[in-house]
Amino acid sequence: MIVVMKAHASEAELQAVMAKIEALGYRPHVIHGVERNVVGCVGDEREKHQLQQLESFAGVENVMPVLKPFKLASREVRPEGSRILVDGVEIGGPKIVVIAGPCAVESAEQVQAAASAVKAAGAHLLRGGAFKPRTSPYSFQGMEDEGLKLLEQAGRTVGLPVVTEVMDPHDIELVASHAAMLQVGARNAQNFSLLRRLGKTDKPVLLKRGMSTRLDEFLMAAEYILSEGNPNVVLCERGIRTFETATRNTLDLNAVPLLKQWTHLPVLVDPSHGTGIWSLVAPMALAAVAAGADGLLIEVHPMPENALSDGPQQLKPERFADLMRTLKAVAAAVGRTM
Amino acid sequence: MIVVMKAHASEAELQAVMAKIEALGYRPHVIHGVERNVVGCVGDEREKHQLQQLESFAGVENVMPVLKPFKLASREVRPEGSRILVDGVEIGGPKIVVIAGPCAVESAEQVQAAASAVKAAGAHLLRGGAFKPRTSPYSFQGMEDEGLKLLEQAGRTVGLPVVTEVMDPHDIELVASHAAMLQVGARNAQNFSLLRRLGKTDKPVLLKRGMSTRLDEFLMAAEYILSEGNPNVVLCERGIRTFETATRNTLDLNAVPLLKQWTHLPVLVDPSHGTGIWSLVAPMALAAVAAGADGLLIEVHPMPENALSDGPQQLKPERFADLMRTLKAVAAAVGRTM
Amino acid sequence: MIVVMKAHASEAELQAVMAKIEALGYRPHVIHGVERNVVGCVGDEREKHQLQQLESFAGVENVMPVLKPFKLASREVRPEGSRILVDGVEIGGPKIVVIAGPCAVESAEQVQAAASAVKAAGAHLLRGGAFKPRTSPYSFQGMEDEGLKLLEQAGRTVGLPVVTEVMDPHDIELVASHAAMLQVGARNAQNFSLLRRLGKTDKPVLLKRGMSTRLDEFLMAAEYILSEGNPNVVLCERGIRTFETATRNTLDLNAVPLLKQWTHLPVLVDPSHGTGIWSLVAPMALAAVAAGADGLLIEVHPMPENALSDGPQQLKPERFADLMRTLKAVAAAVGRTM
Amino acid sequence: MIVVMKAHASEAELQAVMAKIEALGYRPHVIHGVERNVVGCVGDEREKHQLQQLESFAGVENVMPVLKPFKLASREVRPEGSRILVDGVEIGGPKIVVIAGPCAVESAEQVQAAASAVKAAGAHLLRGGAFKPRTSPYSFQGMEDEGLKLLEQAGRTVGLPVVTEVMDPHDIELVASHAAMLQVGARNAQNFSLLRRLGKTDKPVLLKRGMSTRLDEFLMAAEYILSEGNPNVVLCERGIRTFETATRNTLDLNAVPLLKQWTHLPVLVDPSHGTGIWSLVAPMALAAVAAGADGLLIEVHPMPENALSDGPQQLKPERFADLMRTLKAVAAAVGRTM
């Protein structure tokens, strides 16, 4: 932490700040500037956020953190990168992993048709929502327990492990009994009760970035899970909320290469939510892999025009199959396989 | 809903759209324009979100909702406005209500000192966090059960009902046994499991706006609680996330008069989180009341420089007392009392 | 400037950074931390932005500025605050100044009617656009030269100095011959050619904040004018662009008390553009004054429903007169006069 | 336009709206809904923005445009796409075009070294700033006239046409005498005086998106140039301003496939400004081409650590050469050449 003093801070104010720094267990180090002084705080970083309180002291202009706040998620912990195993499928290795399936499980036929289609096109994991976080209480909220069973069954039939969302800490056990990987949705990206509870399991977690979560905060959300003992975290960029209204979200692909520098955790991209428009999904899926993503999360529905949720962003099976072919070429161009 | 067709949509595409509209139970009504056609959908509104799926149809440019999505929260339901009673304190009437207290309960002495100070200055309700949603898992997470007891005790000593945050659906009963009003924090503004569970109680709920929640979505979050049967919802604007970094959040006071037009629910403002800087709290508290807020949520700490969380935004007791005096004058200027 | 080194930066990398700092004329000062080193740069501030280039050096994590970048606009230069005289009207003193008039000059009758109405209600300056920056080239672009004359005439008839926008550096002389104060619109907030040219005049400038201009950048725009020799700059918050679509812009009233701390320049607020909705203008005007604004910019049109631009946000004369009455009471409550 | 009436609007209010619609030259068409009525306005689109004024009418809830506001920029005008010739280099065809060079022209040696390097690596056009829009008046503002000459000379030596920025309408002739293509920077994206003046020339214009410009507004800025008679407009996405602070801007690659659907104009991407961090430039350049961009704008400096502006985002020549090699493979994967 660097404490910047005000231009006209008194010597007494400076002394009070230094005394507080020492009381908190750090060593203060003053740099006397031309216009104002700054004080560096030297010491163990883990508790440094307490130093932020120095902003309340008279004579202090502001307090600037020197270090990124995440520790276990930091690239320095595992420079070679983490590889997460989901029922035999490796995420974070040289191979691009594609998770595909319908937004929501709607019926046995629908999820089975989707599963067969994505399997045939080369997807590695099957997704589908049983518990749906919807903006409106009057919208379809998912088939819940019944949906979990249908999803698991469809996955087993085609031979794909399944991924599905969990919204309530007390549903974790139930959902985990049906799925190989648990998804945390954007709206729960900072639901710390849920994150902490997931940290006490060893199930792989697919953690989506919140709509207004900065990248350091995103890694702190991962840190909640990691610090409870579960190392199996996969990150997913899915678009952020900006002033632009032509697309549902603004897919922040800058996040991909930056996260790959900051953290050892694998990074996926969800171009379906990141655009909200099916005709943008394929180009942005290709862009994500070109930018260095370890995989993709893509919504595929046998008949999007009859979908009970998010129809406009779901791909038809034949368009998904086309995409998978081009994806292979782009992956090869950047030194990856599929 | 208005369905806008593409400029060169075929007659067959138009017919398919009209057939789908009828299949969903609405009556289609075509306007033949100079460049393109639009189709209005006439019928009961409650399920209209299904019409959004028409965006997946060939020949459709986009689908525009005509109505605001909230129903029970709408001003039209109760044009005179709702008044919510919190242990005898009325929110939403002519009187401005001030909820004050520390960010977090830290000790018996601290919360007692804060309670005495805010009571003496004229606050109507006591706030204090026992469960703290913190960005970092290494930050102080609150005193939890012990904090609830200390807060309740402090409130009882000075004669103020207490308000505190609940983060997990399964803590509702516990928290409700100690507090007169339950707060939903910004990070849980779209935690639908939590909202639905709160809707099944009859406790007053203080619902904070999420950092990137649009006003219609904010009212849909209230709608989750209302639609489960709990009418006692109070809204709280607490700042939104924007590109501006000089303040912790951008306090969106436009939301106050707009929400008062759209909904019958009372609207409070939290200038502490809305600015993140104690020296901005008083001017923005005055501004909020001038804009028509029904009350304020203000963080007050006996010694902010020793606070375990959010020290920089908490007011000292004497500054809070000063603010309460000016507030009275501003309230009178806009026809309110304190 | 503080240069933060990477955790594993070599001694040679540290030496290269220190050599560069000295070469740029500063004195490096190293703090050896537990995990990494930081280097403070001590010296004259004016050219410190060159130090930002150190981010390109091997071993450097990032470079953090210690000082705010503005100098002449800084509060420290004139702690008592600036008072700007516009043809006898003082902005920045104890009196709240109200600038009112139509969005655009549309005809002699229209601007005359508006001028009479705002004068009668107590406005201090008359505004009206002759050159209109419109998003569409097909929208009404203003009456230009003819509009300037009509505005000047209307102002003279009722005895109000006039304020109007200038968009092109080469129109400054022309516009200045008709107006007492020159407005720079939000879209030109970082049109540095225009700002620099305005700095070479001594006309008072009403500088609006850009739609996505941070407060430090806003003051740097003012600094362009000040550094060329024109001290007569008045700032105007007019709303920023955020994800919220219910209002035209998000009026950032936090900016008012923060700018009053950072700068000696007067701060006005434009609730017409800041909301885009006439029914929100009055509450937000009251809020702006409660927050500490030195004045207001309000659009008033004799018949908004016939306006050639921005009808939905213009007040009718009788509503403006009502607002002025309540404004007086709020101003008094916060120790200001009208 | 669709006019949505309020739920309880009277028959007289509806009649007044319809009369106004007719007075403006459109044909009103009412749809009587269950809760409220809506009125479609049928007629020639060019002046429809006047209808927006209906929002000022009693009984009107809101007014929604049906059509995109741009006309000449619309894809429908030229479904096959525009190809713009810049001194023999075609932009918008199957070949990816790379514009590269230093942020600013700093000296004859520097710009010559940069020109040789980018030519050798396969760039098609040379860029370099002579007039620099800088946030601070104290930063390096460019070499101006002298810089133009040095840039032109360097381009001629290596055989690359040059692109450079123009900031003031009255510099257009000067800049056009040295450059093959004129760039409009993000801060001038809505400087309508400048755009209109550029529309009166026939020079190719490289129009950058503003930091907070929505895509429809971006195309309206292009429309200013097109409507004055200059068809040679190339669009450039360069990052937008969001809440994320880890990168200088958020590169909005969604814009690439969406603009390609909406407009016939070519679309380039500037990953240097779009990220602000050199180590992100290569992955985002690859992503841009995978997303469908027609070309790239990349800052390359012979010695970024000595750059007078934007050093941290400029590539070293050898890194640029590496990128060009991978780019070729990605272009081929999506069916393009280099």
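All chains are identified by letter, namely A, B, C and D, in their written order; residue positions are counted from 1 within each chain.
The rule we apply is simple: a contact is a pair of C-beta atoms (placed from the backbone, for glycine too) under 8 Å apart; a residue touches a chain by one contact, two chains touch by 3 or more.
These figures come from a predicted structure and were not determined experimentally.
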Item to check | Contact-richer chain pair [A-C vs C-D] | outcome: C-D
Next on the checklist: Under the over-half criterion for shared residue numbers, do copies subunit B and subunit C use the same patch or different patches to meet?
Outcome noted: same
Checklist entry - Counting only C-alpha atoms to place each centre, which chain is farthest from subunit A? => result C
Checklist entry - Centre to centre, by mean C-alpha position, how many angstrom separate subunit C and subunit D? => result 26
Item to check | Centre-to-centre distance between subunit C and subunit B (centres being mean Cα positions), rounded to whole Å | outcome: 30
Checklist outcome for this item: For the pair subunit A and subunit C, the C-alpha centroid-to-centroid distance in angstrom is 38
Next on the checklist: Residues touching two or more other chains, restricted to subunit A: which are they?
Outcome noted: 212, 241-243, 245
Item to check | Residue ranges of subunit D in contact with subunit C within the complex | outcome: 20, 46-47, 49-50, 52-57, 69, 133-139, 167-170, 187-188, 190-193, 196, 210-212, 217, 220, 223-224, 227-228, 241, 278, 304-308, 311-312, 314
Item to check | List of subunit C residues in touch with subunit A within their complex | outcome: 2, 4, 7, 29, 31-36, 38, 40, 42-45, 64, 66-67, 76, 241-243, 245
Checklist entry - If you look only at subunit D, which of its residues touch subunit A in the complex? => result 212, 214-216, 240, 242-247, 250-258, 261, 274-275, 277, 279-280, 283-284, 286-292, 326, 329-330, 332-334
